[in-house]
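So that you can tell them apart, the chains are marked A, B, C and D in the order they are listed, and the count of residues begins at 1 in each.
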Amino acid sequence: MDKLKVGIYGAAGYTAGELIRILLHHPNTELVCAQSGSQSGKKVYETHTDLFGDTELAFDAELDLEVLDVLFLCKGHGESKTYVEQTTFPPNLKIIDLSHDFRLKAPGNEFVYGLPEMNGKLVKGAQKVANPGCFATCIQFGLLPAADAGLFQSEIHTTGITGSTGAGQSLSPTSHFSWRNNNMSVYKAFTHQHLGEIGESLEQLGGNKPTVNFMPFRGDFTRGIITTSYFDTEVSEAEAFEIYEKYYAKAPFTHVTRKNPDLKMVVNTNKAVVYLKKEGKKLLAISIIDNLLKGASGQAVQNMNLMFGLDETTGLHLKASNF
Amino acid sequence: MDKLKVGIYGAAGYTAGELIRILLHHPNTELVCAQSGSQSGKKVYETHTDLFGDTELAFDAELDLEVLDVLFLCKGHGESKTYVEQTTFPPNLKIIDLSHDFRLKAPGNEFVYGLPEMNGKLVKGAQKVANPGCFATCIQFGLLPAADAGLFQSEIHTTGITGSTGAGQSLSPTSHFSWRNNNMSVYKAFTHQHLGEIGESLEQLGGNKPTVNFMPFRGDFTRGIITTSYFDTEVSEAEAFEIYEKYYAKAPFTHVTRKNPDLKMVVNTNKAVVYLKKEGKKLLAISIIDNLLKGASGQAVQNMNLMFGLDETTGLHLKASNF
Amino acid sequence: MDKLKVGIYGAAGYTAGELIRILLHHPNTELVCAQSGSQSGKKVYETHTDLFGDTELAFDAELDLEVLDVLFLCKGHGESKTYVEQTTFPPNLKIIDLSHDFRLKAPGNEFVYGLPEMNGKLVKGAQKVANPGCFATCIQFGLLPAADAGLFQSEIHTTGITGSTGAGQSLSPTSHFSWRNNNMSVYKAFTHQHLGEIGESLEQLGGNKPTVNFMPFRGDFTRGIITTSYFDTEVSEAEAFEIYEKYYAKAPFTHVTRKNPDLKMVVNTNKAVVYLKKEGKKLLAISIIDNLLKGASGQAVQNMNLMFGLDETTGLHLKASNF
Amino acid sequence: MDKLKVGIYGAAGYTAGELIRILLHHPNTELVCAQSGSQSGKKVYETHTDLFGDTELAFDAELDLEVLDVLFLCKGHGESKTYVEQTTFPPNLKIIDLSHDFRLKAPGNEFVYGLPEMNGKLVKGAQKVANPGCFATCIQFGLLPAADAGLFQSEIHTTGITGSTGAGQSLSPTSHFSWRNNNMSVYKAFTHQHLGEIGESLEQLGGNKPTVNFMPFRGDFTRGIITTSYFDTEVSEAEAFEIYEKYYAKAPFTHVTRKNPDLKMVVNTNKAVVYLKKEGKKLLAISIIDNLLKGASGQAVQNMNLMFGLDETTGLHLKASNF
């Protein structure tokens, strides 16, 4: 088949950089336009410096939507909505939005929530996909099979720790190396903005929306998310493993392990790993992803693959960094 | 007054090293013996290399208990008990044990649980003190005032992240730099050994033992512990702040802040900082300490000060590293 | 073509793990045997935990050399020599040794020194290749064009900083996280074992062996090497850039940049980046690589590609981790 | 004696924060004014958050110079000069400047270069002291005894790696955690601004100014500097040790070690450690300091102690963080 013509709106940020890293080696895509207002005219590798030697592509100020098969929106939250509202898109152009602007169900929202493990079939037929949030992705991998099987018999208690790249490249006191190195802190306790999409998924699968008490931590590392979620349930640990393994049986990137995992097992890959432990009445699910890959750009490419009928894993066989 | 003659049993480990760092500048102590079987005859600075230039003291194989006023036990868990059982101590020698061997109430256990914020008066009169665990200390600072005021109306949900020094200096796969750097993992979910002493304190203050669901994480930093604990309660955030501030009003090292803290505020100090947030019915307490100081050797010296009628803060005005 | 049948001798170590990560996605190879005496019978992912979900391969105690097209030797220094001396290899089996046992010229040593940028043609015809050392690779990238052009008019002054994975997975005080995190130290000043192979390359290209004064540092990061080398020379900075760019014109992974680089530009890739600066009479070359890839397993696969007539870059289009 | 009344001009930056940390526990000082234009009216602990619980002092917009015994200037380079030129100081006020504005000899410059190991006597009698640069301090500790003994028989080759706090608290791409974590880079090769003061000291002691070729690296840690310097010399390693030990015999914080040191031996202390190694004709000196203490605020307090006839070490018995 001809290579898909790909455009990126907002190509100077972290998720766009990660997308470009993937797309440059994707066998079925051609990156034809990396749009950036602020970096227009500069080489892509001047911003994403690791791409030096890999591409001579320069940022463009404008996108020529007519030549594109697929457009990734990589601007900040709020900016996608504005752009989509102000733009007339060619009818066949497929759009994948990495912001949270279209993740929640709302009248007139035509975007499919792009979590392949849950919505794979919908994504295959979608014209527009809203790529899930990074924390939301990781937490859901610990909860979706339980929601689907109706296991929740209590509120859910969730802790998550995220790498610094989750906060993007803007400079702020909490992104200063001298502050963040060897440091830990909590932010948005109980009120993180990803709770909305998590709740919608749990309701979609299980018919109700159990409360998720979520404690997010800023971690002193750059890539990755680890989350723990537990709740009361009657099923045994063995039954829970069966339920989770069955749920993810066909998911090429999401694996259930019988051994307590550590975050670096998945860093720099599109994989997710889920582990279970039962203690008394409580079932604990530990899940790990790379926030920029399965939590953002890797999942976006996985969605693209599905939308265009490609093998889901195309271009996503990434070597783990592991160390 | 004459300087207190201090001995350390098991002086080659991390907590002993930290104790020596403090004692060398403590105005009322003289470190007369640093016992170590494995390092006997070597200079202390050969093991605790930062002490080069500060002391020419060498490790001794044996302790002369008769010359000591106070003895710190810094060996591993289990070894303190054996040592105490096999040794006849001079009647006036005061003992502070940093292991968990004597922390739990038991018939014949004469050790006072040395958490000054709760047991300060008992410590003042004690001959033997069991120094609390590091996680136990940090978690209790988030819970003691609530236990004392009877605030718990649900189970307690606690997450903690610890620096690597909490695991001591022995080499293991999870202490290998190539593994631990930029990594995160859970261990002993729901079953951490410090839950016992936490439960006893909550019962002592509040008359009952609410369940503490504790999720401990290995952090990719060296010093410090941050814990979050939340539970249902009817009191408002403002009332909770009052209760906590009143409880710690006379504690020289434990402070209630109205601003969301970060771990490095307390690293390399003997301080603890506690922060509160109410969201719906849930009261969240975030607490932070340095695991080797307020979580171990600093608290041990604070206990020593109390036992000998010194100002509680003597020798513990430590400059934060902060970065 | 049929897939190359690959075996690894000593498959439980870091360089072997990295080799497996690459080979699993290499389009022209089939990993048929991962030998390990200590891990025999266990799944490969029990040791290289990031491979969970990617392969069900188990370690074997023995290698069946007859079925292999190529064998990688990944055991420690000294062990390769012993193994090679004690083993009768099938005549067509190609061997790539990652230890330093066969890097130096010696009577009877049939191994080609496998630095493709210098010895690419020799590697293409080689039956046995000695893969260069990680520091040696990085330092040579800063010096080879200068040697080739006869630029040295003084001794060479070199500093290098290496990630912790360069020291392998064995536990030692200097690999303990509590020690190494945020720490820096020098080792083997002026006497590093890689100076031998560097000297041979400089002599091969330039006809003489200038002294390389090498100051190696242990870095507090896991992956990567950065080296700086400077020497007196008469050529201008502009001329030097031309000489270096010409030398590396056909090297697919080694790039000369006009902008001061940082280490993470190449981490988790097989790339090398070289930068030049002239100040007074001194020409400075800064070079960076990933020690486990271009400094070890990536280069080994590059050599394999050359030895079997494959495109040099096959299987080595690796997504940078960058963060 | 009465406590010295201390003021700080520019009290919101890193070196000022470190100064306050020291002064709060210094037995002979009272911090009466922490000036900051930008933070005026806020509590000091709102900026230097680790000081929460230690002081209720607030920043002032203006300094009342009449009430002060000593004033520390902690503003950026260039701002000290402007301030000094525009201000009329009370005749008895002693001034210690932490910027580089007065470090170099110049007509009309009344500031003594405040390196106690070299200029202790001059500092004792000084009214105004220019506190040395952090890299300059560390490098000089490796060179001063050699300059004093006339050992240099070649150019000097120096590498230094600095923690991130050396660059201050302003936000920049190279201070972003996502960039700097696990990263390394060179800056200002051969042209670092501290070379001027180093050259003046070498000339003062040895009568000539050997070229110092200095390669500075940005390190991925927060505190500390390690430098290596080597040069040709005829003296043996044993003789060199004697020369260095004699030179620092009376220095309370600067120690010569016979064992290869690591950076964390001195972090969070005012100490410096120097190690020597001879290889062929080259003598290598490795030196380490904490850039914010011996490299800035600790040395400033040491200078204050000397200027006021206090014991040089007063208030500077700091517990190492070590981990």
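Going forward, a residue touches a chain if its C-beta (ideal position, glycine included) is under 8 Å from a C-beta of that chain, and two chains touch if they have at least 3 such contacts.
Heads up on the chains, UniProt names are A, B, C, D = N-acetyl-gamma-glutamyl-phosphate reductase.
It should be emphasised that the depicted structure is a prediction, and the values quoted were computed from it without experimental measurement.
J.: What chain is the most remote from chain A, judged by the mean position of CA atoms in each chain?
T.: Following the centroid criterion, the farthest chain would be D.
J.: Which of the two pairs, A-C or A-D, is linked by more C-beta contacts?
T.: Of the two interfaces, A-C and A-D, more C-beta pairs touch across A-C.
J.: Per the centroid of Cα atoms for each chain, what is the distance between chain C and chain D, given in Å?
T.: Inter-chain centre distance comes to 40 Å.
J.: Roughly how many whole angstrom separate the Cα centroids of chain A and chain C?
T.: A distance of 34 Å separates the two centres.
J.: Measuring from the mean C-alpha position of chain A to the mean C-alpha position of chain D, what distance in angstrom results?
T.: 46
J.: Residue numbers in chain A touching 2 or more other chains?
T.: 14, 164-165, 178-179, 181-182, 220-223, 261-262, 264, 267, 323
J.: Under the touch definition given earlier, write down the residues of chain A that touch chain B in their complex.
T.: Where chain A meets chain B, its residues are 157, 159, 161, 178-179, 181-187, 189-191, 213, 215, 217, 219-224, 226, 228, 230, 260-264, 267, 277, 279-280, 282, 284, 286, 323.
J.: Would you mind writing out the residues of chain B in touch with chain C in their complex?
T.: These residues of chain B touch chain C: 14, 164-165, 169, 171-173, 175-182, 220-222.
J.: For a test of understanding, state which residues of chain C touch chain A in their complex under the given definition.
T.: Residues 14, 17, 21-22, 24-25, 46, 48-53, 163-165, 181-182, 222-223, 253, 255, 257, 259, 261-262, 264-269, 271, 273, 292, 317-323 of chain C touch chain A in their complex.
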